[in-house]
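Both complexes below contain chain A, partnered by chain B and then by chain C.
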Partner chain A sequence: MTILGEYALWIALPVAIWGMALGFTGGRTQRGDLVLSAERSIYAVFFLLVLASAGIVAAFLGDKFEYLYVAGYSNREMEFFYKVTGLWAGQRGSLLFWALILSFFSSICVFQNRKKHREFMPYVAAVLQTVLAFFLIVLLFADVNPFERMAFTPANGRGLNPQLQNYWMTIHPPTLYLGFTAFTIPFAFAVAALLNGRLDARWIQLTRRWILVSWLFLSVGIIFGMQWAYRELGWGGYWFWDPVENASLLPWLTATAFLHSIQIQEKRGMLKVWNMSLVLLTFLLTIFATFLTRSGLIESVHSFAEDLKIAFIFLGFLGSVLAGCVVLILYRLPKLRSENRIESFVSRESAFLFNNLLFLGAAFAVFWGTIFPLVAEGVTGQKISVGPPFFEKVNFPIGLALLTLAGVGPVIAWRRATKRNLQKNFQIPIGVGLLVALTLWVMGARHGLALVTWSICAFVVTVIATEFWKGTRARARIKGEGYAVALYHLVTRNRRRWGGYIVHVAMVMIYFGFAGAAYNVDVRKHMLPGDQLEVVSPFGHTYTLTYEGLSVSIGKGQRNLLWQAIATVSVEKDGVRQDFLTTEKRQYVTSAQLMTEVGVASTIQEDLYLILAALDDVDGVIAADSQAQGIDLQVLVKPFVSWIWFGGLMLALGTIIALWPNADPRRAAVRPEPEPEAEATPAPAMAGAAD
Partner chain B sequence: MMKHGRFMVGLVGVATVVSYLIWTGVSETMVYYLTPVELMARVEADPTFHDIGIKVSGQVVPGSYARVKGELLHTFIVRDLVDESITFPVEYRDALPDTFTDEVEVVLEGFLRTDGVFEAATLLTKCGSRYEATPEDLAG
Partner chain C sequence: MTLLLGSALVSAAVLLFILQPVVKGLHASLDRQEDELTDTEARKRVALLALRDVEYDFLAGKLDEVDYRSLKAELTAEALAALEADEESRGTVASDQDDDLEAEITSMRASLRGGLACAGCGFENEEGSRFCSACGQDLPVGAVG
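Coming up: the complex of A and B.
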């Protein structure tokens, strides 16, 4: 099975190159047989990559430790689940997994369009095969072949790093890869449009769902990563501005900008060059993110390898794609002229443009901060670096401006907003925002940044809630429906618009949670069994924590676990007994390091977060009498953290609503020039009815 | 009726503000990233180099680690990766990452006090081999 997989990987490369060549030739010569062959080659590559991946999984399950990759990430004792997910546990496997997902998405795309949009498909197939061929070349020639065998067979493997033995860690990378790879489809259509000259909004309409799917997986993948950091890394944070975190944020920022700017092209025929550039930039950044994760170019806790060969191959590919696309855009420049111009400074177009500028500004700042050490070293020979303070200083103001626009954009009029439009839509929300700030101030909140954030949150929520309320009420009156039914019909009639609003609310929830960090409480204490500790939370709750003792057990429950020491803490909140919390240190067979497991009690207000910071020991031996075992306990109280995770769910919900297929047949058939949607301008009929 | 001028002013304004944020952000928060040898040379040449925020990477001297109970205060000695004679003591007040052992390579951010103790505000561990096994590792 594994040998078969290895051969499959070798066969996939010529097939991909074949498909690439036929796609480009077929597109130019309009020869249907060549195009068909190019499209079928995509199915073939997918099939071959399934075989290759199955080969790796089989090697994991069969404990084939002669394979370097298997020996590095597995051992005989590992659970079935982690053996299967070993496919993407390390660099070699993840690159194969990346290619597998891309070929899967490519196959879906080719299948969906087997009878439609034939003017795009030859080039789409060619571009997809180019990207696949690139990843196959990396896999086969950059010393990262997952099928590499050693001259000897070790008796057992090293096993998986215990930090990666976590539910979130097994789903976080594949979710991000789904997001990264799905964006290749819009990119392929964009290049196809540049090649075939159909430069209206068609390529955008055809790939709108792919863009949303990609954005959904990127967003969720990032949030899974935060969840993992919060639960597993044991320092109470969820974001560290680590290069690899930044690398996943970069394409998210540009993709979010793109999601907004394509609406201007669809509605007003503007920003064509801009959108082409954004799709190209986002695609390059997804590759850059993969590259940054998988090469040790920039120091990071995530960086897997420090191999320069793979860096040169990646940079070469990024450079060629960039050069090729810039040439194509310049060549097509006459056809990419705007059909309209911006009429007013105060309009939705302009709000979207500022949104785009800010997203790109944030992306540039994050990019610059991430590569700054490299640039500084290259230019001055001096190693200089910037850390979290830099990213926070730059991104907090930009982030707040973007949050404000999330409230402005949805209701400001297209083309030109009148004074009346502004007054009607913003008077009340601004009032609510100010009122919230004032109330919080009176209640004793003094952290400026948090106050501003919560105030803007209130503004945005009021704007969007008012929109929902007006629309629902108007519909209920006109159609005589109940409010729940009216709301349902309102949303399903224009999923894209209302789904988008739900995503805006989700972002408000996430910001709301972020701002809670301003009120984190951090207490440390050395404790003996029976000792008590009182912690007062920002909400005025008093937690009385009693350290009950430490129980040490030898290798129970989980395989590969050598021992675990569990500290039990009983919790009273305002005098009321709560569930016990435990926090532990673990030692795995597979790693010299200790692992800390934190204990978290989460409520909608705040998280109580316990860290077993250290165990008393004498020369590495802990006390035999567990009643005398002292520990260092770190207690954090973290307000509103759970809002970030709820926000993530809400974001997924809104995006799914936006990309759900519309039952309405009028919209299923895409016309070259779409009619402006009736509800795109803020529903004059409804607003009228609401007055 | 294009108010092109006003619009461009807005765009240029946003671009300027973002650039300004990046520029001041870098100049106010950047830190030198040095090896212990470089750090010692700097301090020798220029005593005002104490108390300046820097980042330094080195290796924890095996056996030098100690903990002060209850305060989450960790002390250890770091030496240069090449010239092992260059060392300095470190104080770090926070929970240690799980990857910390008393022989690991660390990246510290903080400053060198005039008493010669490096006060670390952040501590990262560097383990290139943590994720990627080589045949030599597996044979041993």
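Coming up: the complex of A and C.
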């Protein structure tokens, strides 16, 4: 099975190259037979990659340690679940897995469009096969072949890195990959549009759902990664501006910019070159993210790569795609002229444009901060690290400006908004924002940045709630429906608009949680059994923590565990008994370093987060010496952290609403359902209604 | 042996599958399908949608009366042009029966053609006006009658 898989990988490459060549030629010469063959080659590559992946999984399940990859990421004792997910546990497997998902999406795309949008499909197939061929070349020729065998067969494998043996870690990478690879489809359509010269908004409308799917997986993947860092890494945070975290954030930033700017192209026929550039940039950044993660160029918790050959192949591909697309855009420049121009600085168009500039600004800052250490090392030979302070300094103001726009955008009028209208629309929300800031100030909150953030959050929520309220009320009045029914119809009639607003609310929740970090409490104390520690929450209540003692268990080789020391802490909140919390130190076979498991008690208000920071006497602990019970306990109180995770759920909900298929796909593709107000009332009556 | 057979089988199947169209001359269509939206139709939809947005913005209090009227006149003219381009490309009159918006457009088109909208500022004037109520410009004679 495994050998068959290896063989399948080898034939997938010529098939992909065949498809690429025939797709381009078929599109140029308009020969249907060549195009059909190219499209079939996409299904064929998918089939072959399924075989190859099955081969790897079979090798994991069969404990075939003669394969370097299997020996590196599995051992006999590992659970079935982690053996299956071993497919994407390391660099080699995850590159194969990436190619597998891409070919899966490509097949769906070709199948969906077997009878539609035919004028795009030859080039779409060709572009998809080009990207697939690239990944196959990497797999086969960059010393990362997951099927590479060793000269001997070790008795057992090394096993999976214990930090990766975690629920979040098994779903975080595939989710991100789904997001990264799904973006290849809009990119393929964009290139197809450049090649066949149909440069109106159609390629965007055709790929709108793909863009949203990609964005959904990217967002959710990033949030899963934050969860993993928060629960597993044991330092008490969810984001550290680590190069690999940044790598996943970069395409998210440009994809978000793209999601907004395409609306201007659809509505007003503007920003065509800009959108082309954004789709290209986002695609390049998804490849760059893989490159950064999988080349080992930057040392970080995530990087586990072996040599630099792969780096040159990646850079070569990135360079040629960039060059090719720039040439195509320049060639098509006359067809990419704007049909309109921005009429007023105070309008929704300019709000969108401003939003785009901010997203791009943030992306540039993150990009520069991520690669600067590399450039500096290349020039000066010294390794410099760019830490969180840089990213925070740059991104906090940008982030707040973007949050503000999330409230301004939905209300400001297209084309031009007048002063009087701005006043009318923003008076109340600004008032609410200021009131919230004032109330918090009176209640004793003094952290400037947090106050500003919460105040803007209140502003945005007021704006969006008002939009929902106005829409529902109007619909209820006109249609004579109850409010719940009216709200339901309002949302289902224009899912895209209201789904988008829900995502804005989700972002507010996430920011709300971020700002809570300003009030983090962090206490560290040396403790012996029976010792108590009092920690005052920023909300005023007091936690009394009693260290009950350390229990040690010696592992039986399961999941590579040698031993674990579990500290039990009893918790009282203002004298009321709560559940026990435990925090652990673990020693695994695979790593000399001790791992920390944190104990978290989460409420909507705050998280109580315990870290077993240090053991007094490690040897004594292992020997179960009753005197070796002294520990350093670190206690964090983190306000509003759970809001970030709820925000993530809300974001998924809003995006799913926005991409839910409408009843009639043909209409839905181009024209969202009309607004209920406009639909029900003829124009003259409307003027009256508003007076 | 089984392995060899398996590999041979896989490659044969793949080859057959991707070469069949070229050898047998099976063609995939490369043209736009009948039931797909045409460029002009898509343009028309977008123009109509923009018109709706202005209505919505006005109703939601985002636009004041003067802006609303001038914007609406501009957009109506755009929608009209798109509509006519679409009709021309199809050679028939648009027949989206269910669309009250189409009816709206048709009435606007009549008023535009009747010269009620001012050519200078786009303001929609009352029937029978001789001068534009917004900018004072002369209106075409047709408007008087």
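Simple rule for what comes next: the second predicted complex is superposed on the first by the 638 of 691 C-alpha atoms of A that agree within 3 Å, B and C clash if a C-alpha of one lies under 4 Å from a C-alpha of the other, contacts with A are read in each partner's own complex, and residues count from 1 in each chain.
Definition applied: contacts are C-beta pairs under 8 Å (C-beta built on N, C-alpha and C of every residue); 3 or more make two chains touch, one makes a residue touch a chain.
Computed from a predicted structure; not experimentally measured.
Within the superposed three-chain model, A:L353 lies in touch with chain B and out of touch with chain C [touch as defined at top]. Once chain A of one complex is fitted onto chain A of the other, the partner contacts of A:N425 are limited to chain C, with no touch recorded for chain B.
In the overlay built on the shared chain, the residue A:P154 is in contact with chain B alone; chain C does not reach it.
In the overlay built on the shared chain, the residue A:L195 is in contact with neither chain B nor chain C. Using the contact criterion defined above for the overlaid structures, shared-chain residue A:V279 touches neither chain B nor chain C, since it reaches no partner.
Looking at the shared chain after the overlay, A:V600 reaches neither chain B nor chain C. Within the superposed three-chain model, A:V35 lies in touch with chain C and out of touch with chain B [touch as defined at top].
When both complexes are aligned on chain A by C-alpha atoms, no chain A residue touches chain B in the first and chain C in the second.
Across the complex, chain C is touched by residues 3-4, 7-8, 11, 15, 18-19, 22, 27, 30-37, 39-41, 43-44, 47-48, 51, 114-119, 121-122, 198, 200-202, 205, 266-269, 411-418, 420-421, 424-425, 467, 470, 474, 666, 669-672, 674-675, 677-679, 682-683, 686-687, 689-690 of chain A. Those residues of chain B lying in contact with chain A across their complex are 1-3, 6-7, 10-11, 14-15, 17-18, 21-22, 24-26, 28-34, 55, 67, 69-72, 94-101, 107, 109, 122, 124-126, 128, 130-133, 135, 137-139.
Within the complex, the chain C residues that touch chain A are 3, 6-7, 10-11, 14, 17-22, 25-33, 35-37, 39, 41-43, 45-46, 48-50, 52-65, 67-68, 71, 100-101, 104. The touching residues of chain A, counted against chain B in their complex, run 65, 68, 71-73, 90-91, 150-152, 154, 157-158, 161, 163, 233-235, 296, 299, 301, 303-306, 341-345, 350, 353-354, 357-358, 361, 364-365, 368-369, 372-373, 376, 382-387, 389-390, 393-394, 397-398, 524-526, 592-596, 611, 613-614, 616, 630, 632, 634.
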